[in-house]
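Following this line, the structures themselves.
Below are two complexes that have chain A in common, paired first with chain B and then with chain C.
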Partner chain A sequence: MGEVEKVFISGLSEKLTEDKIITEKDLDSEFATEIIRYGGKDVMTCLQCGNCTGVCPISLKIEYKTRTTIKYCQFGMKQHTLNTRWVCATCYRCYEHCPADLNPAEVMIALRHIAIREGIIPPFVKAAAANLMQFGLTVKPDEAMIKERVKMGLPDLPQTKPGWSQVRKEVVAIIEATKYDRLLGITSKEGVE
Partner chain B sequence: MTYAYFFGCVIPSRYPGIEYAVRWVTGKQGLNLDVVDIPEFSCCPVPGIFYSTDRDTWLALAARNLCLAQRGKMEVMTVCNGCYGSLLKATEYLSEPKRMGQVNKVLSKVGMKYTGIAEKGEGTRRIFRPVSVRHFVDVIHTDGVMMELAKGIKKPLSGLKVAVHYGCHYLRPTEHTAIDDANDPVKVDDIVKVLGAESVDYEDKLACCGAGGGVRSHVVELANALCEDKFKNISSENADVIVTPCPFCLLQFDNSQKTFTKRGIPVVHVAQLMAIAMGADVGKLGLELHNVSCNPLLAKIGMVPK
Partner chain C sequence: MTQPENTTDSKSSEKEAIGVFVCHCGTNIGGVVSCEKVAEAASKIPGVVVSKDLKYACSDLGQEEIRKAIKEKGVNRVVVASCSPRLHEFTFKKCVEGAGLNPYFMHMVNLREQCSWVHMKQPEMATAKAIDLVRMGVERSRLLTPLSPREVTVEKSALVIGGGIAGIQAALDIGEKGFKTYLVEKEPSIGGHMAQLDKTFPTGDCAICILAPKMVEVARNPNVEIMSYSEVVDIEGYVGSFKVKIRKKPRYVVEDKCVGCGVCAEKCPVKVPNDFDCGFGTRRAIYVPFPQAVPLKYTIDKENCLYFKTGKCQLCVKVCVNEAIDFKQEEQIVDLTVGTIIVATGFDAYVPLRRGVYKYWEYKNVITALELERLINAAGPTGGHLVRPSDGVEPKRIAFIQCVGSRNIKLQHKYCSRVCCMYSIKNSQIIMEHSPDAEIAIYYNDIRAFGKGFEELYHRVREDYGVEFIRGRPAKLTKDPLTENITIRAEETLLGKITEREYDMVVLAVGLTPAAGTGPIQKMLSLPVSDDGFLQESHPKLRPVETAIEGVFICGCAQSPKDIPDSVAQAKAAASGATTLMIKGKHIVEPLCATVTPELCLGCGLCTDVCPYKAIDLLDKDGQTKAVVTEALCHGCGTCAAACPQHAIAQLQFTDQQIASEISAALGMNNGAKDSAGGA
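After this line comes the complex of A and B, so read on.
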């Protein structure tokens, strides 16, 4: 699985350093508070039993262990969580199997919220949000598929009808009201293939 | 109760055959359910992207869709696990009065207000019921509809070995999605059995396909590696076809198989399999648009592929 690690380490520059001595200045005492604010409310109550890691499909494949990530969050070792923020498949198996009924998946989601607010935005998030603002849907309508739809006798795609501009306007208004466009640095004009 | 189709983003633009199958199965030739279109529906929005990065935006966009169903006093019928998980979770979030107030403040910019559907209570009181979000499989798997389905089968799929893949957001988290047993789901298996096919049991049946949560978009090699595990387990039981109720799982199996095998197993949506058994025009189900050829499947059930 060497290739996989290369892929996500190249995206985010930090590298895990196991032999490095961690001093107090490497720790972020506000990290857990921040995670709780973004919805990972169970982060400090984890007892480190490891059931979540045993059932996690991603933990089987790469150097990402749910339990370890939760431990890093509890200690405030922010640097150590940077590599693995975007690999959770949000399958919620960890939540299903947690004996204390905690929700590790929500902690991973909170880590993503923090990443976005620090400016680490993966291209696919930006592309999907830009598509939503331009087309009103996250998937760009495909010309070949529109032809297939005609062959099948399906109704026209709503986004090709004149009434769709109103829908798009509403979606853009909501995104602007929650300031999501400014958070990601996108506008309603640009669309990404 | 009237249902509103919610096809989402992937089905109409990537797998229109699923849309045809769902419309056919729920339409006059099929089970004759009361389902209408709401063309103003936008993206659900995608949980792996919007729920993961900004909950307020996610909730407001989901509430907009729910408002449209609320206006027509309808139940939302989703055909995708992602849309199902996203919208259902949104109704749970919106049952908190504080959240609902925040969301309505945003929605007021587009002239909408989410309250839930008003119903007559005792005397002059009104009760507000959250907009109900149903999965296509859940709608089909009710007593009356299942009996209709059993009656409407023109071409039983006897001898077909089906590997059912449920998909994560159909099953979990159970606090939101309690339509099936999270550790021993039965609904899609039941539908497959009614169609006359055999549902094979395979190892790690409830494992993730590897696409969700942005994994396929971000680290495609990891998504393929997870799919390969799934594929090995399924092929060791000699299954003829993979059936899933989720178009994103379908997309994952369909695109990922070519990276590790030459002899892929065809993968179809449960609605497409139902449409085949109920006698729909196979040429219109969009099976030729799938990357993994569905011809072995058609040959197995005695239909000559075009």
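After this line comes the complex of A and C, so read on.
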């Protein structure tokens, strides 16, 4: 919506805006099918009761709230949904409270898959994925923290469990086999010992 | 008798003349399957003398073709390849019978549901399958045996289980038509849930004011015997003669002597919470649940009576001038024989979960709608003055939360309870009439105002009273520890904004669940239950009050949640169904039952265990134990025939040989009549 003009009527002013009528060509009729293919199987079943928005811990901080996002997905308004889905913490509270036993979090995850495939990749996602491939950690300690760790006699990177480096290799193998590294434009080469 | 008629065996071993009729069913079958090809293929099967394709076999023209074939071509086995037997088996049986052939010489092959509808996109393969199906049907038709239906006498009396509005109406209708009716109610008074309600939607009639005259009418009807404070403990038998055992619980008050003066209750020193008022008010240990009770006979609540607890008191005995109190009364078992049964066991209001989001058990000011009905009822504990439970102050800001315990898949309650939208709208109207300065908000998902006058009431509460409708399911309720006010957090979905608003009281619009008392009755009668837990009718549209058990009818909320007008209408329908049977006095029982070959039966009793209708008994015959089928109880499900390790039980019209002949035909193993006859 863009502001077009200001109208003055005996001292009062009211902003007029120009909104666009949504037509068939703005809608992607295959969008819901695509979401279902990527695991958001409940997208069309939602009855829009709004319980999920009410229980969502992040809903006050986001423009497209849980229920609204599902509605946009049902409608096929792809461009409204792909940028904002990374804040969902997949805490599954929406799933826990949904009276229809639907899982909105799965729809959010499906939207991320679609966003990646469309090339909409926020930098932090790329960084996290690269860290996972290189170090086996999505959140890698920064320089200052590594210095601190060494000072305390800890290994520079936390090793979460025995056989950890083997597990990391297996994760890398899966990522490479599914070509996710190419989708994200990342590589594991630097991190391999 | 349902035994195959041996006299006709010689006739059936004569050369079969089979007529095959392939129905197009408009384009239902004909649009996919090439019916001409099927008829042509069938004509080449040995023994088939007539093979035709018909546009609509069920039409007068189609039936005429079948009759003509029987009369002119001497056809003695008819195979109709059309729709499901559920739809038209009866039609074709009648048609064949009209032409002078035993109706059980007709066999239906399902080309619609089981072929054309499921293979819409593969017409050629569907045609090939249709030919196979017809071939199987033809082979089976060779082995059909003539059967004749059996008649049972219908006792001219009815049992109505449940004394709510549905049961009362059904008993009244049957009694009016002159048949003896027993109305059994487990509570001390008839009336059911309707007696608890304040007013009824959409007209605002006072519930008890319109119910009480009906209760009196049913009590006065000479044909209706009300058995209150009684429970059905056992039902045996079948349509026409059900043997029923009823337990009359002891009231400790002689019904014939009690005149309902109430002096005993005035003197009774024990006060306990009143269940009828949802625990808000109190009643004495000797009580009637409400002033308009029918029968107006006092009942002693044994658990709370001082005499039963300590052996002392007996104040009621002292004041009763009619000497009606009898502490030595014991329960009685009454045996009845009735021809028909109507199950009107009603519903239980949903009780919110103890750990639920809406904190019903935690916050005093969160109440259910049934509790609200008692709080706004002029005959209720507060005399119709609405107060909130925490401090007895009149609440000004009231919220209703819809769909509590309905439309919730997690609770296994997928269904809509149908009445909650309207009773919340009705209750908001009553509250606004009493205190016009109140503010009411209804949190809803969808408003279902579908009945006569319902939408108008929905409009009126917005127009006249400014009741606010908020579309959104509340996510969280919190309580102010000082004021005990409740704050509701919810998304107002039409705005897309999250709202938090404070209310003095919150009413949960609880749904309807199957009554706990329905379970034992359902087991006694082996009634089918639908997905939602309510009793299943025979056909959702065309047989709405009949059940799979003949002679047993259902009505009211036992069948599904419904409002008062629907319950009354259904009760009248059930009464009409029951009286039809009783007026005829006779009922035809399908002969498709299981038969035991006594020579093969070892008396192991496996069949008695698996039979869902309790139709098989083990009886001693000449020192040997044998299974015996009660034909009127048998539904012909075939479970026993499948379970019998000795192959001693045959399911008439579905014998092992008949089914084997179809399988052989499907596998192309038999070539015509000779082989299949040999196989049998």
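In the analysis below, the second predicted complex is superposed on the first by the 135 of 193 C-alpha atoms of A that agree within 3 Å, B and C clash if a C-alpha of one lies under 4 Å from a C-alpha of the other, contacts with A are read in each partner's own complex, and residues count from 1 in each chain.
In this section, contacts are C-beta pairs under 8 Å (C-beta built on N, C-alpha and C of every residue); 3 or more make two chains touch, one makes a residue touch a chain.
Bear in mind the structure is a predicted one, so any value in this text is a computation, not a measurement.
Greater residue coverage of chain A by touch, when chain B is weighed against chain C, goes to B. Of the two partner chains, chain C is the only one that A:C49 touches; chain B does not reach it. Of the two partner chains, neither chain B nor chain C is touched by A:I22. Using the contact criterion defined above for the overlaid structures, shared-chain residue A:W86 touches chain B, although it does not reach chain C.
Once the two complexes are laid over each other on the shared chain, residue contacts for A:P99 go to chain C alone; chain B is not touched.
Those residues of chain A whose C-beta lies close enough to touch chain B in the complex are 1, 3-4, 7-8, 11, 38-39, 57-58, 61-62, 86-93, 95-96, 103, 105, 109, 112-113, 116, 122, 124-125, 128-129, 132, 136-142, 145, 148-149, 151-155, 157-158, 161, 163-164, 166-167, 170-171, 173-175, 177-178, 180, 183-184. Here chain A touches chain C in the complex through residues 47-51, 53-55, 59-60, 65, 67-68, 97-101, going by the rule given at the top. Interface of chain C with chain A (complex): residues 357, 403, 407-410, 445-446, 471-476, 489-493, 496, 498. Partner chain A is touched in their complex by these residues of chain B: 9-10, 12-14, 16-17, 19-20, 23, 37, 39-43, 45-57, 60-61, 64, 106-107, 109-110, 168-169, 172-174, 182-183, 207-208, 210-215, 217-219, 221-222, 225-226, 284, 286, 289.
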